[in-house]
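Letters A, B, C, D, E, F, G and H mark the chains as written, and numbering starts fresh at 1 in each.
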Amino acid sequence: MSDEFVLDFRREERIGLEEAVFAEAKSAAQIDAILDAVAARDGAILLTRLDEAKLAALKPEHRTAIDYCAVSCTAVFGPMRPVAGSGRVAVICAGTSDVPVAREALRTLRYQGEEAELIADVGVAGLWRLTSRIEEIRRFPVLVVAAGMDAALPSVVAGLVAGAVIAVPTSVGYGVAAGGHAALHAILASCAPGIATVNIDNGYGAACAALRLLRAAERMREATP
Amino acid sequence: MSDEFVLDFRREERIGLEEAVFAEAKSAAQIDAILDAVAARDGAILLTRLDEAKLAALKPEHRTAIDYCAVSCTAVFGPMRPVAGSGRVAVICAGTSDVPVAREALRTLRYQGEEAELIADVGVAGLWRLTSRIEEIRRFPVLVVAAGMDAALPSVVAGLVAGAVIAVPTSVGYGVAAGGHAALHAILASCAPGIATVNIDNGYGAACAALRLLRAAERMREATP
Amino acid sequence: MSDEFVLDFRREERIGLEEAVFAEAKSAAQIDAILDAVAARDGAILLTRLDEAKLAALKPEHRTAIDYCAVSCTAVFGPMRPVAGSGRVAVICAGTSDVPVAREALRTLRYQGEEAELIADVGVAGLWRLTSRIEEIRRFPVLVVAAGMDAALPSVVAGLVAGAVIAVPTSVGYGVAAGGHAALHAILASCAPGIATVNIDNGYGAACAALRLLRAAERMREATP
Amino acid sequence: MSDEFVLDFRREERIGLEEAVFAEAKSAAQIDAILDAVAARDGAILLTRLDEAKLAALKPEHRTAIDYCAVSCTAVFGPMRPVAGSGRVAVICAGTSDVPVAREALRTLRYQGEEAELIADVGVAGLWRLTSRIEEIRRFPVLVVAAGMDAALPSVVAGLVAGAVIAVPTSVGYGVAAGGHAALHAILASCAPGIATVNIDNGYGAACAALRLLRAAERMREATP
Amino acid sequence: MSDEFVLDFRREERIGLEEAVFAEAKSAAQIDAILDAVAARDGAILLTRLDEAKLAALKPEHRTAIDYCAVSCTAVFGPMRPVAGSGRVAVICAGTSDVPVAREALRTLRYQGEEAELIADVGVAGLWRLTSRIEEIRRFPVLVVAAGMDAALPSVVAGLVAGAVIAVPTSVGYGVAAGGHAALHAILASCAPGIATVNIDNGYGAACAALRLLRAAERMREATP
Amino acid sequence: MSDEFVLDFRREERIGLEEAVFAEAKSAAQIDAILDAVAARDGAILLTRLDEAKLAALKPEHRTAIDYCAVSCTAVFGPMRPVAGSGRVAVICAGTSDVPVAREALRTLRYQGEEAELIADVGVAGLWRLTSRIEEIRRFPVLVVAAGMDAALPSVVAGLVAGAVIAVPTSVGYGVAAGGHAALHAILASCAPGIATVNIDNGYGAACAALRLLRAAERMREATP
Amino acid sequence: MSDEFVLDFRREERIGLEEAVFAEAKSAAQIDAILDAVAARDGAILLTRLDEAKLAALKPEHRTAIDYCAVSCTAVFGPMRPVAGSGRVAVICAGTSDVPVAREALRTLRYQGEEAELIADVGVAGLWRLTSRIEEIRRFPVLVVAAGMDAALPSVVAGLVAGAVIAVPTSVGYGVAAGGHAALHAILASCAPGIATVNIDNGYGAACAALRLLRAAERMREATP
Amino acid sequence: MSDEFVLDFRREERIGLEEAVFAEAKSAAQIDAILDAVAARDGAILLTRLDEAKLAALKPEHRTAIDYCAVSCTAVFGPMRPVAGSGRVAVICAGTSDVPVAREALRTLRYQGEEAELIADVGVAGLWRLTSRIEEIRRFPVLVVAAGMDAALPSVVAGLVAGAVIAVPTSVGYGVAAGGHAALHAILASCAPGIATVNIDNGYGAACAALRLLRAAERMREATP
């Protein structure tokens, strides 16, 4: 099994982001082997898309060392970092059904030390839900916006605020919305300028993009006298 | 040539809408033959998607009897009906680029006797453009909403007003928006309830749907003491 | 959990349609929290796409307050409104397999106070089934037409009657028809003018579009001396 | 150039159908070389999808030996066969815009000796156009039915008559109908049993399928005492 | 339940083919109601896509009156017709995996009185399997050819024999072949002339097309002195 | 014409980005009317996707006030702002063919006051081209990476550097790459974490996303003592 | 059952590759019948895509004669050949999740006598994992490269080494990567020249292509004095 | 302009294949700059997809140094290499319309020193055209097979011969075949084992894959005593 993976322990040093384990397409045996290697270094690692059945199939000593979130199917193995930043990122989602993706983003941010805030169910079908919180939203320099179905929320938000907008289309919906492609295409085709997006349901990726941005901001600050 | 078409002169009697000529896929010779048949009955007919080159290839006596709109590529052959209704339908469009489709709807409505109003360039990238006119929009019981790209406008409008909303996705855009499928899918997947839609760029069809609705409303009124 | 949803209690006042709960992508815990909030206001709410397993996972006090329809997977929580209108909307479906979607539309209409009529299995493979009932169909000003596979029924109906036609493509079929896209595209491309459509299997949305239309007709009647 | 093609002069002997030249993707030089080879055998050959520009680029001696139909872009090089059968095949088309495809089928049938009849513009938006001719249509054992857009006509025809139905989807339409895929899918998903289909705009192929069927019928007749 | 279906008992009289029940999208309760109606007339009916679980859920008196084929998921309720024709149709399939679709065609043909022959696993990867049986295949005037994956078999067969070729793409395959679209497209794009096709996995439809053809041949024979 | 557009002059105040004119889907007459309105306020505006033919059709006084770049089809009408920032954004492109999209990004950044650097033709087919410049690339906190075809460059870059990565898929390529969807999907599916993307060929949008990010960084700097 | 398959026992003689059984779309009964026929000749055969449930449903005497690999779902029935070649083929995979496809290739190669080497988890997100092993990779004349998601690995490898590159896209991923089409398209659109590919997840096919290549090399060696 | 490209002059040393210029997406100015750089080194370079209009727009001194093939739109700038190998590769194409792609492959092979043979118009609609040349085809260890439409030829060839088969789907066809995707999918889904493929119309890529294979064979020969 050990010839089936090569952990990239110096990824954070190189790109500012630790490697994470995409658990969906790995067997429990493969994941156990990876966790053994992490444990051997007294390390920690984030796992995404780990469902409860696969969690239950892991070695007991791994299961007990895991902080698991069933809503987002994310797991943190090993110690969590201390909070290093907060108040900089809001994770907004259009509907209650988008919460699992939003929580994947929140957990990824938190794993890397950033405490972000959830602002949920502010989709445009009831525009007052958004406008009543718009001043609060404006205070965050970085916004992760998760939305499925027609994904109109990122367009409306990006037309109202100056923050960086990272959209995450979700697979919520049926018919033409099934799988999230309608949401993805609406976001890419947005009439509001400057929205960047990630893959469907990729809360993890949106969080990483936000972290790259925070790191870039920190570098620019350091470079300025 | 006369064996190549069968005009449906009693369509209005049957369904409340006159037959129109979809000119795009017909030759100038076919259109001339159709217009000869219409002229022989002293009738009138609407032509859609008639480009200027094909217009120029028609018989001179047909060209001169045509009222042509180059923006929407629509033509009215023969006399226009008097206005029979007004103030009931607004044709709203998200961007300046959607105006040709909006004008196709306006011309179709007008050909059938309904004077409708254009409300243009109120897309959600600058939400104030919409909200500043929302009271005016609320006054119309029937709204035709044309939008391309991410087509967020119909969702936002339908979340704000009680009128009947007939959306028309347009083919404005590029990349994933090319051809209008992103707009169509966003409209069909809308989180705002009760939006009905027609084919991409089908301003004619949206107008017909609005006319069916006006006729239905008239029937319901007559049926009520 | 309460930070994961924001109920839009004034939606009906604003757009004439109450908010409904799209249950498919929500957890039982989320739905229970929503129903608690509704119950706290002595309200009522419609749930769509609630399967029997999720129904069974709800709190007992919620289950017993629900009127459930297993065919359409719709649930009404709280008291049903009195019937306010009838004889205005027919829900027609092409085949027996389209009945679940038709019933979703009927239940949504009824929840909002409109008693509509089901006319089932009149697809065009046996055209007499339709033509034998066409006079009955003509009496309804508003027609919701559900059809899967090739969805030829809305075209034929719209060519025969003057009523407003709201089509609902269904996902009935296999091969190229799987998922309902063939039906959706056939409806959008219909040669019969003035058909408006909603998303695949969206009986709820078709009912809402019909309700918007009825409201618009009522407004127009009031505006006319 | 002569190493770029291998004519299949014994195809008719083998499968009952002569080889034809699909001109669209061949250069004028390639077509000239093929016609030289055909002329050297005093043969004849059918060319499909030969546009007027390419026709004009052929050698003069080839052009003058060609009977060209600009509507269907078909050309017959060399002598036409005598009529060997008639009254057995009707080519029906839904709209005037489908006539070019219908004529490709008619010309292919005629080239192989079968005189077929055109029945045009009987699409279902005005169902009386079809029903008024249905007895005439019933008399033909073999029906080629060309239709674009929603292609509801083949379904309705196949629900009314017992003849063999070979459908040809056409690329007439725009938006979701562009390119003919909506028509193709509607035909394949038809609720009426026993429709067989060919590629979009393939009037030639539909005629060949009809010819195979006529040959099969002749064989079955011969095999029966 | 009885308002959810309208049986088309005169379909055979009209189009030469009896109605069949597409069981996949119907509930056991709906199917039971249909079978009650058929039994009340002492009739018989074919059911397609009836899986074993749904069969087991039918009323016992219906189950015992059914002749079920688990390979093709077809069921015949009521008496089978006597054999009226044979030796006219061969059902050829490319691989062993295509047998279920082939058997659906064979069972449909047999239900309507036509005894057809199965020629299996003659795909082109081992061309000798086809060529060694080609003389046998040539004897059948009508060929139903089922093939999945790349579906090269119909092209090769149609290039070798003069019979009518009705192809059935199957959903056998994975990756780009998943669902059968690659097979369908290959068949529609075939370089061999005169292949007609039906929907993916539609053995029933191919059989019906073959039956229409046999009926057409019988009519032509009767019409010839 | 003036009822066809509503300029959003306060967009920059609201979201930090000025409105731009998407010229592709607008007529020369519409663009002239917009430029008149801009000129009336002594303003400036950026136009994207303005081809040379449409440029030539504008009013002479508008043409002469335009700074046009034929490679990227961008135009600046009115005075250019002074440079406000530099050395913060690099626009990297995989191949020479991606330069037009890269220049659209560069021009948009420059119009808004940011001087960015072009690093061209460093695609992964010759990895040394990238690795030889990687230290230079690492110095930029924000990277816009344009790539067509297989778009492997953003993945490789994002695996090597810590900067924020905004990818722009381009429509360069043919076959499965035609239109840029293969590039878009490869970017969205990247195995390297934290890449955000915009629509195909949307150099303008990538620049806007970079500008939002720079503004966010400035806000965070101001918020930090 | 024996009329449902025709084994191609002389395939190896003809094309250098033995027939294998694609088990996914075959019933256990069909597979048992095939194995009986193989056993009757004292032969051996490879089975692909045989899941554990189907394995368990085979006849006991077949199960015990099978060497099964649960990771790749491949089975060898009968005796394995001796190793005839080695050190010529490396099977490289981008991630741990691609190992099942890689093992299908390795097992297929081994079944036909070629011992190949696995080089796993060298995807480009951590480029050092690839570059640190590049000299080892360069030693193999033939490379099978399996990659899912964005499939950037084949492009990077093909830009670095001269060996023959046979890529296998895998279905690893979600959102736009689901099913492997993004990986397939990225490989086909690669900017690195000379990559050939096979179907998604087709480790078997990639091994066969490698074997054809080894056979071709052997023939060329024999042909050279 | 010189900052817009970086020539990879050591590509051949690295991967055995020289860089070529994909001219389709480059401007004449960009190509001229590249040719200047090549000329400055007294080098040579292959250009693909260079149409006649762009050729005519190049600098006169470049045009005269180019050997141009209008059929395949390929150009060789600078001296051609001597022939280094022959009789090892055949380029087979299914139809006359596939010749341009076949010639792109032949020219690419020849540019790199390999003389290959064209075997044209042997598609399976007339199987004798293939079988009559099959012994000749068997003599080539490497086969490039170009086919459009249903692309059945590679499957049939790969079932008959042991050589390495590199398929090139072509965009020849219309309807579902338009653009070459049907051909590509048929090839990928082939039931014949061991076919490897390249992008649609990518004759250049197929030649490069063949060259990699020849190089691999040469290395294996050298490695064998």
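Just so we're on the same page, contacts are C-beta pairs under 8 Å (C-beta built on N, C-alpha and C of every residue); 3 or more make two chains touch, one makes a residue touch a chain.
In this text the structure is predicted, and so the values were computed from the model without any measurement.
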item: Pair in A-B, A-G or E-H that repeats B-D, with over half of contact pairs matching by residue number; value: A-G
item: Fraction-based call for subunit H against subunit D, same above half, different below; value: different
item: Whole-Å gap between the CA centroids of subunit A and subunit E; value: 50
item: Chain centre separation in whole Å, for subunit F relative to subunit B (CA means); value: 35
item: Distance from subunit H to subunit G - Cα centre to Cα centre, in angstrom; value: 26
item: Where subunit D and subunit G are represented by their mean Cα positions, the distance between them in whole Å; value: 44
item: Of all residues in subunit A, the ones touching two or more other chains; value: 14, 95, 125-126, 158-160, 173, 175-177, 181, 184, 188-189, 192-193, 199-200, 202
item: Touching pairs - complete list by chain label; value: A-B, A-C, A-F, A-G, B-C, B-D, B-F, C-D, C-E, D-E, D-H, E-G, E-H, F-G, F-H, G-H
item: Subunit D-facing residues of subunit E, complex; value: 14-17, 20, 88, 141-142, 158-166, 184, 188-189, 192-200, 202, 204-206, 208-209, 211-217, 219-221, 223-224
item: Residues of subunit G defined as touching subunit A within the complex; value: 71, 95-97, 99, 118, 120-122, 125-126, 128-129, 148, 172-178
item: Subunit H residues touching subunit E - in the complex, by the definition given at the top; value: 94-95, 123-127, 149-152, 155-156, 158-160, 173, 175-177, 181-193
item: Contact set on subunit G toward subunit E in their complex; value: 3-6, 8, 11, 14, 19, 22, 24-27, 30, 34, 49, 169, 171, 179-181, 184, 199-202
